[in-house]
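There are two complexes below, and they share subunit A, which is joined by subunit B in the first and by subunit C in the second.
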Partner chain A sequence: MENIVLEGTGRTPYVSFDSQAGKLEISGRSIPENSITFYKPLFDWVDNYVQSPKDNTTVIFNLEYFNTSSSKCILDLLRKLETLKDTNNATEIKWYFDEGDEDMEESGNDFKSLINLDIELVMK
Partner chain B sequence: MANSSNVFIRELKALNQAKEILEQTGDSDVVSKENFVELCTHYESLLGDTRVITNISDRLQNKLNRANDVLHERSEEIKTINDQLNEQNLVLQNTIDELTKTKLSRRAATITIIAAMLLFILSEGLLEPIIEEQARKADYHANWISFAFKGFIALLLKPIEYLIERYLQREAIRKKERQEAVQEIQQKTKTAR
Partner chain C sequence: MLDVYQYFKKMRDESIILYFKGEITNNLLTSILQLIDDKLERKSEAIKTKRKVFSILLECLQNVYNYYQEKEFDNERYHSAILMIKKTDNAYHIVTGNYMSNTEVPQLRNKLNKVNALSPVELKAFYKEVLNEEEFTGSGGAGLGIIDMARKSGQKIDYSFDSVSESHCFYSLQVKVLA
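Showing the complex of A and B:
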């Protein structure tokens, strides 16, 4: 299974999905013109990954800003990762936010309320 | 063109599935509990998504609004500073113009003094003997003619100084215009690169 590494741009986030390390990271700004085009390969990758995941999976969200359609894609991504909990694989999800950035902290809480996974909110 | 509805593919699929089931049941009022539960699950999930996305969207919109307000404030500050700079620039330009004018006046005065000295030497060395000789021949008072001639030279000095000053000012303006034109060309060349 090939890893995904995408450099961040002004509109798209940095993405690093490493199946060997069991580490998935999305950082930066996510305001792509077409969110589904950007996130579709990531969905496919996660669909494959959850078939044979590592014992411990770490997912890092370190987002500065994202648009509405990206929030839906993040939700879908988290839903796909919920499968890991169903199969009793340890999953650690960290939602980073800047000190004083209550909007990003609250957004993390919103995801946390909807997703059946332990999401840890971490102040940078 | 981006189509945000593409992110709801899963939900659209569930809706179409439910519609198909409805069509299959025909005129019957009976829908299987299993299908109804599935539709409820999808609906619940969609409702949850909508709630979260709406909250996040509003929050991010507020974040954007705040960023916009900050930008507007900064823009106003920059505009004020720019106006102040323009005013100071004008004062500075006026001072530079005054300095240049003073410098040119001084140079014109120096040139006039040198010209006066040259004219004095010329009148004393060359014209004076001629005037004296001509006056003696004509039986006139040489002193009066000489005095009148020197007075005439003295009266000419101020207009000469004025003309020199005007000439120097015109030259300075031309030089400044040439420099501005060169700067403009250099800027255009830089932009073209």
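Showing the complex of A and C:
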């Protein structure tokens, strides 16, 4: 399957979804007005990926800002990845936050409590 | 006689960082966010304060923008909005104001009252409940914006609805971030 690489903009994050490496990364700012339009291709990619995933999948969220419209999309993305747990594929999810950015740390904890996957909070 | 200096002094004395009145377009939104990003960058505030101010401003602006996108009021006068950021001794104040159809006031007022009555722990639970369970609205907001602002602010949200006609009112919102 095709990999996704999107350069970050002032409103949308850098995205790198690499199926060969089993590595998914979303970094920067996710603040578009309509995040569904932006996330739809990413959802489709993950739907495909979980059909034949790598033994080990690494997911990295390294966000500076995300709006509430994106938060729903991030949750949906994580829900799709929960499938990997059902099929016993190892998944490592890392949620990065800047030292002192308590809201971003808190958000990581929010997702962690809503999702049946281990999310590791990592202070930068 | 020009009274620009009077305006300047008034804005300086009230510590206004940003003031805008007019239609909030997509391009303008980008410009305002860049502008405030630069301004915050040069402030010596803690990272959490800067991030809170930017995040709350972002939600406020996108709320106004999305609302006008959905409504497309016939009367052009109603397309205009106000945005202001000021800094007092101990806090940043993010202020927005926009026209709104009277029919939408009760529901919004209920939501604001509800959010203002919740403790930080309850707000966190409410946020997660809405995030987890509710469907997206047309603009994708899922009604999370106000809860998120209240959570990040940690203060009560000030608001008012000023009647402007039989059908419309002016909705003002002020969110505080302690510096």
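Everything that follows uses one rule, which is that the second predicted complex is superposed on the first by the 124 of 124 C-alpha atoms of A that agree within 3 Å, B and C clash if a C-alpha of one lies under 4 Å from a C-alpha of the other, contacts with A are read in each partner's own complex, and residues count from 1 in each chain.
Simple rule for what comes next: a residue touches a chain if its C-beta (ideal position, glycine included) is under 8 Å from a C-beta of that chain, and two chains touch if they have at least 3 such contacts.
These numbers come from a predicted model, not from an experiment.
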Could you tell me whether subunit B and subunit C fit or clash when both sit on subunit A in the superposition?
-> clash
After superposition on the shared chain, which partner residues are touched by A:Arg11: those of subunit B (first), subunit C (second), both, or neither?
-> second
Which holds for A:Ser69: it touches subunit B only (first), subunit C only (second), both, or neither?
-> both
Would you check which partner chain A:Gly100 touches, where first means subunit B only, second means subunit C only, and both and neither mean what they say?
-> second
So, does A:Val50 touch the first partner subunit B, the second partner subunit C, both, or neither?
-> neither
Name the contact category of A:Leu117: first (subunit B only), second (subunit C only), both, or neither.
-> neither
Considering 60-68, 96-104 or 132-140, which region of subunit B has C-alpha atoms that clash with subunit C after the structures are aligned on chain A?
-> 60-68
Which residues would you name on subunit A as touching subunit B in one complex and subunit C in the other?
-> 33-36, 65, 67-69, 71-72, 75, 103, 106, 110, 113-114
Mind listing the subunit C positions that touch subunit A in their complex?
-> 26, 29-30, 33-34, 46-48, 51-52, 54-55, 58-59, 62, 65-66, 69, 124, 127-128, 131-132, 136, 139-142, 144-145, 148, 152
The subunit A residues in contact with subunit C across the complex are 10-11, 31, 33-36, 64-65, 67-69, 71-72, 75, 98-104, 106, 110, 113-114
For subunit B, which residues are in contact with subunit A within the complex?
-> 2-4, 6-10, 48-49, 51-53, 55-57, 59-60, 62-63
Within their complex, subunit A touches subunit B through residues 32-36, 39, 65-69, 71-73, 75-76, 103, 106-107, 110-111, 113-114
